[in-house]
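Supplied in structure tokens, the structure appears directly below.
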Amino acid sequence: MKWIAAALLAALLVLLPFFAGDFYINLASQILIAAIFALSLNLLVGYGGMTSLGHASYLGVAAYISALLTSRYGWGHGPAAVISISGTTAMAAFFGVIALRATGLGFLMITLALSQVLWGLAYRMSNVTNGDNGIAGLTRPMPFGISLDSAASFYWFALVVTLVGFLMMTIFASSAFGSSLKGVRDQPRRMAALGFNPWMIRWITFIYAGFWGGTSGLLYVYYNKYIHPTSLSTTSSAEALLGVIAGGSGTLSGPVVGAALVLLLKNYASAYIERWNMLLGLVFLFIVLVMPTGIVPGLRKLATGLCRGSR
Amino acid sequence: MQFWIIQGLNSLSLGGLLFLLSSGFSLIFGLMRLANLTHGAFFMLGTYFGATALRSYDGLNIWVTALGAGIAVAAIGGLFERLVLTRLKTNPLGQVLVTLGMSFIISDACLLLWGGDSIPVPTPQNLQSPTRVLGFVFPTYRLVLVGCAVGAAIVLYFLLERTRLGAMIRAGVDDRQMARAVGIPVSNLFTLVFCLGAGIAGAGGVLGGPILSAYPGLDADMLPLALIVVILGGIGSLLGAFIGSFIIGFIYTYGTALFPELAYIILFLPMIFVIAFRPQGLFGRVGA
Amino acid sequence: MTPLMSIYALEVINLKKAFGGLSVTQDVSLMIRPGERRLIIGPNGAGKTTLFNQISGDMRPNSGQIKLFGSDVTHFAPYKRAHFGLSRTYQVITLFSGDTLEHNVTLGLLGLQPSRWQMWRPLSFYGDLATEARRILDTVGLLHLAEHLVSNIAYGEKRRVELAMALAQKPRVLLLDEPLAGLSNTERSQVKSLIASIPRETTVIMIEHDMDTALDLAETVTLLNYGRVIVDGPRDGVIADERTREVYLGA
């Protein structure tokens, strides 16, 4: 049953550009990018039990590195992407060492402070980052010579990357390492007594989450052809966190659903409501108070309840 | 030479402001184990209240305004704590998230009510004329701010160390379970401390108005500073918040003067050192 | 110079621990031989669990040494001591309540395996781990509950899962912290026979309050009070000792 649904969904995703207009294809691309970003954050929040409010740093730094290397220094997209991802991953390793000196709320505060520092840098170092103007006029890469400028071609590119990422993170979640990560989340003392190294497990996860966060950053800058300090801001990190929690952290589809929801709300609500942030705040309050485990687990409960009732 | 001395005074006044901002944050975190991400917004709310009040009513006393704003913000904080935070006692992550959500609500509400332009706040008239000390000329208001911070520190010290209420708060910080076990009304204490913290932030916002102005994004500028002060000074320690505020005030002011582009990195460095070598902060009693 | 194989499985040498002004471990020394069954007793607050915490690495002593089979592990993190053959159970249940019994024991097996770092293969790929986990559940009589979630089983069964997890590590030294606490009579005799059947390759050190049951299992006994070793030696000698009576009947 699950396989049929998955296959149908896959077919739908692949064939989307054939029956939808450019507006919807672009929206779908944005959802894919948000999904990968949310999934990478979920590695930390859902599976690792480490709530970070600074995840946008990885998206933003990867985007900025790519933007600067290609536009200012004339690098090709291939090498730029390599440096971008490796630089972001290295930054995650460094930040991880600092942030993991604490757990829980201390960890949260450190990730927030670190990301604010980066945001401040992006804003202030205008001769490097162009400050509040952002960096515009960027181009999309041409993998194997194929242009990604049309909505459909970019969408398929993003789809491939997203599916690969989703698959790898799914395997990660059910792997031995993933199980040990969840174990450290639930009972760190017990895990240490069993021979697992909690710090190392958390640190590696932190780096891996940074890697995929950076990947989503590359997709982001390729899609928008523009980067601005706001993408590194706490609001950006908070939106991702909201998506993960609203959708259901610790599940695989939850963050995707949540990210899509936040994106759709943002795109549509901001057309009707000027104060999008206030709505975001209210949604946060609502979800945490009423549906703390998230939409996907909530729906699952509902579904099992209905199944039982209909017998 | 004059420039550096002025920077020194600016550091002190910034430090004073930071103490008004972060003392509440430190108290709330120390007692309630809650990283109150709404704290910057509480401060900003005070600044906006002060801006409107002081601009509309010419002769209005800034101290009265600060007190009024402090009470108003404390009330908002109290409502939030009772209606939302108490429902999330078993969900510390949820608590942090709702404070984040609340900060978005407040900051957007400010944008809605006061618009997107920066609103300068007039320095109170009787404090406008400069003070002469040892041949140097200082803006009086900045000196007064330092005095305010010291005054607030003394009042808080007395409250925490010499009153029964303070003893209950300190007991709650040290061991919440035990405090409850000996009959301390921890839940009411939480509301009180949250109101107190929010109120100090609101009052601090008014007092900071003449220096900072009220502008959208003030909350996002102030919150990380509060975080860094508390990480440096140690959670739950009033002394730590006091000393940390002035250290950060100095680092930020001189840093921005010398290397404006790297201001955030200069703030960042002491935090890294503290976390690397002394995670509980300079004076911390409570682990993060 | 090759390290000498110590004749002791666990040595605790002049261990001291204080919290501020409160001394919880005062110059404690223990010498425990391989295969021994040592019982540590003492009134509440005597510092038994604190001692265990220092042996397992959850707490750092202020001074003193801890040696496992001659190797100094005093400064080792808890996970490293597990790799030296140390295993423990806790006073409070610390199982993974949202997971099945089989998964819990599998984690117990995984901790010492190099494959625990594997990120690219699902855990279910390692069939031999699952088989071994089920075998271990069988030895504690819980195979029929293998697919059940830990949150859904009885307290006594949870205690047995804890024991299963600890035994899964095939430890050389096993620390049992009040394994019989809170159990009904039937459960107590079940757990007791499980402990009695632990192979001699594993040295067992047990903290227990329920003296009647525990004394049957013990060969040697250490009596702690106020963080100090009061009496130490073969079981019958300690029981008969006057100081033991003093500690338990009060002054």
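Going by the order they are written in, the chains are A, B and C; count residues from 1 in each one.
Criterion: a contact is a pair of C-beta atoms (placed from the backbone, for glycine too) under 8 Å apart; a residue touches a chain by one contact, two chains touch by 3 or more.
Keep in mind that what you see is a predicted model, and the values were worked out from it rather than measured.
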**Asked** Which chain is most remote from chain A in terms of Cα centres?
**Response** C
**Centrality ranking, top chain (CA atoms only)** = A
**Complete:** Averaging C-alpha coordinates per chain, one finds the centres of chain A and chain B separated by a number of Å equal to 32
**Item:** Between chain C and chain A, distance of the C-alpha-averaged centres to the nearest whole Å
**Value:** 42
**Item:** Chain centre separation (chain B, chain C; CA means) in Å
**Value:** 48
**Asked** What does chain A use to touch chain C in their complex?
**Response** 171-172, 174-180, 183, 186-187, 189-198, 208
**Of chain C, residues touching chain A in the complex** = 56-58, 77-79, 82-83, 87-88, 90, 94-98, 103, 106-108, 110-113, 115-124, 126, 165, 169
**Fill in**
In the complex, chain A touches chain B at residues 51, 53, 98, 101-110, 112-114, 116-118, 120-121, 124-127, 233-235, 238, 241-242, 245, 274-278, 280-285, 288-289, 292
**Message:** List the residues on chain B that touch chain A in their complex, please.
**Reply:** 29, 33-35, 37, 84, 87-88, 91-94, 96-98, 100-105, 107-109, 111-112, 220, 223-224, 227-228, 230-231, 260-265, 267-268, 271-272, 275-276, 279, 287-288
